[in-house]
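Each chain gets a letter, A, B and C, in the order it is written, and its residues are counted from 1.
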Amino acid sequence: MSKFSGVVKTSIKDSIVYRFDMAITLITAPISILVFYSLWSAIYKYSGVDVIRGFTLVQLISYYVLTWVIGIFSYSNIEDAISHQVRSGGITKELLKPLNYLVSNFFITIGHRSFAMFIEIIPVFAIGFIFFKIKTSLTYLPFFLLSAIFAFILVYLISALVGMTAFWLVHNRGIVKIKRVLINFLSGAVIPLTFFPSWFQKLSYILPFQYLTFIPINIWLGKYTIIQTIQFLGIQLLWIAVFYMICVFVWKAAMKKVAAVGI
Amino acid sequence: MNIIKFFRIWKRSSEMAIEHVMAYKTAFFLLLLSLFLGDILIPVISVVIYQVSSGIPGWNLAEFVLFQGTLIIVIGLWHAFFASLLGETISAVEEGIFDRTLLKPFPSLAFLTAYSFDPDGLAEIAAGIIIVGWALAKMNFFNSTILIYILILLLAVLFEYSLTIIAASMAFTFVRTWRLFELINIAERFSRYPLDVYNKGMRFFLTFIVPAGIAAYYPAAVLMGKQTVFVVFEMIIPISLFFVFSLWLWNISIRKYNSAGG
Amino acid sequence: MEKKDDETVISVKDVWREFKTSKKEAGLMASIKSLVKRDSVVENALKGVSLEVKKGEMVGLIGPNGAGKSTLIKILTGVLFPSKGDVHVLNFIPWKQRTKYVENIGVIFGQKTQLWWDIPALDTFELHKELYSIPRDEFEKRRDYMIKLLGIEELVKKPVRQLSLGERMRCEIVLCLLHKPKMVFLDEPTIGLDIIAKDKIRAFIKDFNKSYKTTFIITTHDMADIEKLCQRIIIINHGSIVYDGPLEEIRKKFANYKIVDCKFSEPISTSSFSFRNCKVLKGNKHELLLELDLTKAKISNLINHLITKYGDDIEDIDIQEPPIEEIIKLIYKKK
């Protein structure tokens, strides 16, 4: 365990150097929220309704602010990191290190995200709360935190999988981008899944991606009962297990390839 | 600066850029596909919005899709011709090789711009044109206002170019921050929806102070007859001034780099 | 005409260059502190540097890392301006008339390529032609001549990433000289190359210098580069010039000694050996390694003494000059 805490501590120190990088969110996030707010206030007003597909304007704005919160919380660069290492040949160096590359990167990401909590996440939430009067449920906050952590792990595993395509397709930026676009839609990061036609909603309920954004956010908005919430948390864990096994499998295959063929 | 020399350098380095991506054909086409896909999905969201609500005041679905397609064309043009400028500057400063640019017998900004052709952007331009084409077909709309539309569109690209120059100038001070790209995105965020969704104060701000609203709003609005052709004259001055400002900022940053050693 | 050949191409007068660095400390608490406050320190990279270079000279510029070499080069190439002092190169003030000035210079960075990576060098040459506005026929003539001389006719058609380091350097040199610069700055031109490649490159540079009277300023850590190419070397340390003159004179000035290696055919006791102004570096039954201070003693006297003392038992006496590296090391170490 001490191995890992060392990695986390160093990556927090590392993050401090990039504080300006992170601070840029404090400019882009409020503006995006403002634009979103302007758009949907106009739409709600023009349509003369209070609720669209189960969301009031306040709930929708809250939803949007929370997509930022959870997006930053789950962000990891693992897919780009792997591609970069494979392309530059540096992956061989990484493989010589005692800690499995994916595992060490996981803890580095935890370090970075911990720092991001203070510089980005909490400020963005505060901006939403103070200026845009968003509403979240205090009761469900602990469930949300748990769900967000699960989402973080799930995002990491999925990104690692996509990143590992680099072992077979060295220049995989196209695949990474396609993945991002599709997942944005299917996770509810663009607009809540309930806005989509029912066939699309049905599709998204089968897939794991709604657990990255839509479900966690709705938990905090208090849209589910406690029982439902716990069920969703359970399903998140299930998906984590599934993707974990896939990752281990693909990683082994990748290592075989590296050993046999080289990069 | 010699314009002819600029075009010769631009032509040669663009040819080389295309040769360069052709070295990895599959990856290149996959990337083009991903960009194209990402853009084509944008009007899909609009369709969804118009299914669940009455949409944006003053714009029906086809008009709004035209609006979005316009924005995509502007961004595509920017991506194809000016975006790399920022990335190249940041990399060069980060790796300590920016000096090489200063060793070329050509003004640094012009040189970097000539080097900035990115074939990826063509996918976005294509997607944008298809989307606009679809919208125009749906509205059965074709007349000569299209020329003014194109002119305003080009002014919008000039605006994006100025933003890029400003962000690149900051690379010398804030070394190693790739998030400068997001500063440009700020303007793009304001351009995403017609100015009709904003209140009067913001509308003024987005027209005259930071003319982000112009990117898609004015070209589309003029085409749809929602604004008169005279907006062109309203826009030329602020955008030109903004451009001149960005050039001045670049020169100041280079001077600072020369005196600090990078 | 004599005057033209003796033309001064570089004139540096009393140049100073200061820079600020921020004091950094280690540890988590210090990192958090640095969020709020940063201490800065002013140091001088160059302290009153003056020098003159004449047309056609091949000058080696050496010094330990951080000595001020790259700062000086940056100032000479117009990328940086000095805090104090005058600089004229080819009758330009480099940083003031940058775009006009750099048309006349060429630069090679040994470790970083200026060729586009995924396409043939020939294509980068074409771009270079546009950049420097070289007329088509002049460009092709010079390009083909240099390609032939360096034997890279086939290599320039392959993507640069497929070339070995030596092959790439040859292409790099052509790129640098295509516009016939009057002055060339080389930074570690032979780094990482094998012996044969090094020789080829050096021969080419020498040739170019002879044919076109191009001035070369070479920054390098490779002493063989210096010995084979430069008649004059400038040593910079701690921001000042500590030596400026011919290579041979360095020995006389800094390390006037010779190494004498005396090997014996029969095991002999050498523990009693002593000679004035002579240091015993190594002494055992088979060998005596000596260092003789030439400012105080004569080599012939030492040799005579050795022969007298050990006579027939001597198998070989090898007299060596101190290697240039050792001398340079000594100079670097001085404060």
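Convention: a contact is a pair of C-beta atoms (placed from the backbone, for glycine too) under 8 Å apart; a residue touches a chain by one contact, two chains touch by 3 or more.
Given the structure is predicted, the values throughout are model-derived calculations rather than measurements.
**Student:** So which chain ends up closest to the centre of the protein, judged by Cα positions averaged per chain?
**Tutor:** Going by the distance between chain centres and the overall C-alpha centre, it is B.
**Student:** Measuring centre to centre, with centres taken as mean CA positions, what chain is farthest from subunit A?
**Tutor:** Centre of mass proxy via C-alpha means gives C as farthest from subunit A.
**Student:** Where the centres are mean C-alpha positions, what is the separation of subunit A from subunit B, in Å?
**Tutor:** So the centre of subunit A lies 28 Å away from the centre of subunit B.
**Student:** I'd like to verify one number: the distance from the centre of subunit A to the centre of subunit C, where each centre is the average of its C-alpha atoms, in whole angstrom.
**Tutor:** Centres of subunit A and subunit C (C-alpha means) sit 52 Å apart.
**Student:** For subunit B and subunit C, let me know how many angstrom lie between their CA-based centres, rounded off.
**Tutor:** Those two chain centres are 46 Å apart.
**Student:** Residue numbers in subunit B touching 2 or more other chains?
**Tutor:** Residues 24 of subunit B each touch two or more of the other chains.
**Student:** Find every residue in subunit C that makes contact with two or more other chains and list them.
**Tutor:** none
**Student:** Provide the list of subunit A residues touching at least two other chains, using ranges where the numbers run on.
**Tutor:** Not one residue of subunit A touches more than one other chain, so the list is empty.
**Student:** Sort out for me which residues of subunit A touch subunit B in the complex.
**Tutor:** 18, 20-21, 24, 27-28, 31-32, 35, 38-39, 41-49, 52-53, 169-175, 177-178, 181, 185, 190-191, 195-197
**Student:** Touching subunit A in the complex: which residues of subunit B?
**Tutor:** So the residues of subunit B in touch with subunit A come to 24, 26-27, 29-35, 37-38, 41, 45, 48-49, 51-57, 174, 176-180, 182-183, 185-186, 189-190, 192-193, 196-199, 202.
**Student:** For subunit B, which residues are in contact with subunit C within the complex?
**Tutor:** 5, 8-9, 12-13, 15-16, 19-20, 23-24, 97, 99-100, 102-107, 111, 258-262
**Student:** Looking at the complex, which residues from subunit C come into contact with subunit B?
**Tutor:** Contacts found on subunit C: 17, 19, 45, 71, 74, 77-81, 95, 98-100, 102-103, 105, 107, 109, 112, 114, 116-119, 123-124, 126-127, 130-133, 159.
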